[in-house]
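Pasting the structures here.
Below are two complexes that have subunit A in common, paired first with subunit B and then with subunit C.
== the complex of A and B ==
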């Protein structure tokens, strides 16, 4: 029997969709295993060309007794372990669409359920959570940022981490930018200059001091 | 998602409750869509905890039990946590965070009732107000009687 008949690529698109991959041979087996096995089962790593997902280890070797006592991670440890970075294979826009729907439901609950005036809505918007909103950068001193839009994944003191529809995770500094987002009929503009607070601090402080805004 | 509701916080802190609730749900959703995406779930939970500490909000025990104390990870058995039952000493359940190895133990005690579920924990605003008023009335009545006692004692001496 000819080898070309034995080893052929997967036939049709539908079959590829069902199997979840267009790879064949060894790559198909790896994909199959990866799908079925819980990803923290390190012993299967040898079949998979993936790193062992072991326990996160601290930078300085400590004695076993001290480790056992260590109940809480210090800030330096947290930074070293990089607990809040999102690895590249998770930077896909489709994964975060359900988060956006959750956020819309939350905003509607926040702004609509007891019917309130527009001014009261404004005050509420200062304190609300923006994780999962679809933000667009409308004005900025830096031209590359203008027009950037996507779902907000992380908010830090000075930046917004947005994932764009082209699967890119962008870190946009709040400082010299204006952002817009939409909730049903409501269009909200944020002057980044006034928003340079940690998300949790914003919930606490209801007022924002008047700062001079220079039109960009 | 339950939160402990106290006093007049019912209306005042509704916004904060909604916000923490939203973050908790986001963490769940993130792990649902892709179980490897642990860092983002951790971020949302730590944000929720930070808001709770800043605005002095208490979390329901069922929520606290689903969070790793060391690394702020949402603990879902099978995905981010392993659950085992141990019979040595007292029967207890061991929940271990897969990421940082931190262990939580829950002892099996069939008679254990959470404080939140006890009838004493329910706050009745009217009752408390009545008690407070009654107490202040007692105090104002108490003062004149003390003065008369002093007067009589001085007479005796």
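== the complex of A and C ==
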């Protein structure tokens, strides 16, 4: 039977128009990434490069056996890719003021409607998202951190990334620090020592043990 | 183990100003029945010191104060009623340093960097913050200055009752106009230095000191330097020394060799005394001992505050079972001196 009746190759010109390229396979993926994340083009392209290079410069790709596991980027990969970094031109305090107002509205929603007891408020606060809050470091074993304040942009497992009013992005470790933020009349103090969870994990299973000390 | 240490040095020149905070001064003159005029003229009780109530620490840090008061004289000050092992102690030295001895909670809130105290072991519970007020960076507009002002004023408004003494360099009389103008919101009280005299008019026995005496002390030997010091101490405490034969309690005798003198005068002044005054006293005593044949030697004892955060050479001072930091200078007629220093447990050997 003639296969040409059953199927035909896709018209190449149309494909090229749709996809924007006539490259194939790996080259296509590289091109795709470059289109979407322009400033990461060099790095990601290198990542896909199968040639073995020195460990210091690049990570070697995962072996086939490991591919069965969930493919998550490790901390070293993230650092190298700079996916979670905020570029310099976006490190302006004014850009994030609307975020802060959004967050305030979200917090009011969370804590007020319906009216709840202080204990329940406490539980809710544990689970709520703090991105956009105006945090201030009130106590710390390291004196230079004391007094730092700004809008929270990123929360990692062990740090808070805050942008100060002087447009500086500061990374403050949670351990050995106490933070304070204000929502209308409510003043909340966070003991960083007991808050060392990723914000996503905290929202799901945020539980503080009963016997805790507030000494740093 | 808590310990007390006595040091003795035989020196030929005046010990330079060691920045100790001075609470009491004692002068002992064997061979005199009353305090000679030379010493009387420069006695510390002619000076006075001042108490300021509820003074915010930030006032001691402001640039105006540093320029007009600190740089133009010898300003010594310490906070009153605060203990160096429990509370926060503030001290200002003539060299322009502000020393804050704080506990852990305050240090973690204050925002100024300091060092942990040497006397608290691994888990530091006390910290010492030192601010150099004469530093070029401590001026209006600079980051360091703003940070210091912010943490002392806006962050935690620390206030204390403070005693101080100020001697301007270029003026004869103390001109308090500038100070009262700067601190017009606060209550300034005039305090006088208290003096106390012990006089013995009968002939007493005192140790005979010679400049080539060995300073290596051998306990039990009557000639050693520590027993001389002890004997001088008994005189200054006005202790009843001699029991006499037949009495069960042992009698305390003067260490050999000794000589008889007509009488002893022991004068004590207490209050905040500046180190400049000590220098003057030392000079006067030195010339007096040389000139008067009846006076074999003179002793000048200086006591520091128990709760002072600093001791000799700006080293840290702590309070364990006692906070003694004192020194005695024995002035001999041939221009030599013996220096005794007594240090407590929480002190560094100078």
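FYI, the second predicted complex is superposed on the first by the 130 of 216 C-alpha atoms of A that agree within 3 Å, B and C clash if a C-alpha of one lies under 4 Å from a C-alpha of the other, contacts with A are read in each partner's own complex, and residues count from 1 in each chain.
Everything that follows uses one rule, which is that a contact is a pair of C-beta atoms (placed from the backbone, for glycine too) under 8 Å apart; a residue touches a chain by one contact, two chains touch by 3 or more.
Predicted model only: the values in this text are computed from it and were never measured.
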{"item": "Which superposed partner A:197 touches (first subunit B, second subunit C, both, neither)", "value": "neither"}
{"item": "Which of subunit B and subunit C A:141 touches, first, second, both or neither", "value": "second"}
{"item": "Partner chain in contact with A:182 - subunit B first, subunit C second, else both or neither", "value": "neither"}
{"item": "First (subunit B), second (subunit C), both or neither touched by A:132", "value": "first"}
{"item": "Subunit A residues touched - subunit C or subunit B, whichever exceeds", "value": "B"}
{"item": "Where subunit A meets both subunit C and subunit B, residue numbers", "value": "none"}
{"item": "Parts of subunit C lying in touch with subunit A, wherever the complex brings them together", "value": "107-114, 150-151, 155"}
{"item": "Residue ranges of subunit A in contact with subunit C within the complex", "value": "138-141, 143-144, 146-147, 216"}
{"item": "Partner subunit B, residues of subunit A touching it in the complex", "value": "38-40, 55-56, 71-73, 82-87, 89-90, 95-96, 98-99, 102-103, 106, 109-110, 124, 127-129, 131-132, 153-154, 198-201, 203-204"}
{"item": "Complex interface listing, subunit B residues touching subunit A", "value": "15-16, 18-19, 21-23, 25-26, 29-30, 32-37, 39-40, 42-44, 46-47, 50-51, 54-55, 69-72, 78-79, 98-102"}
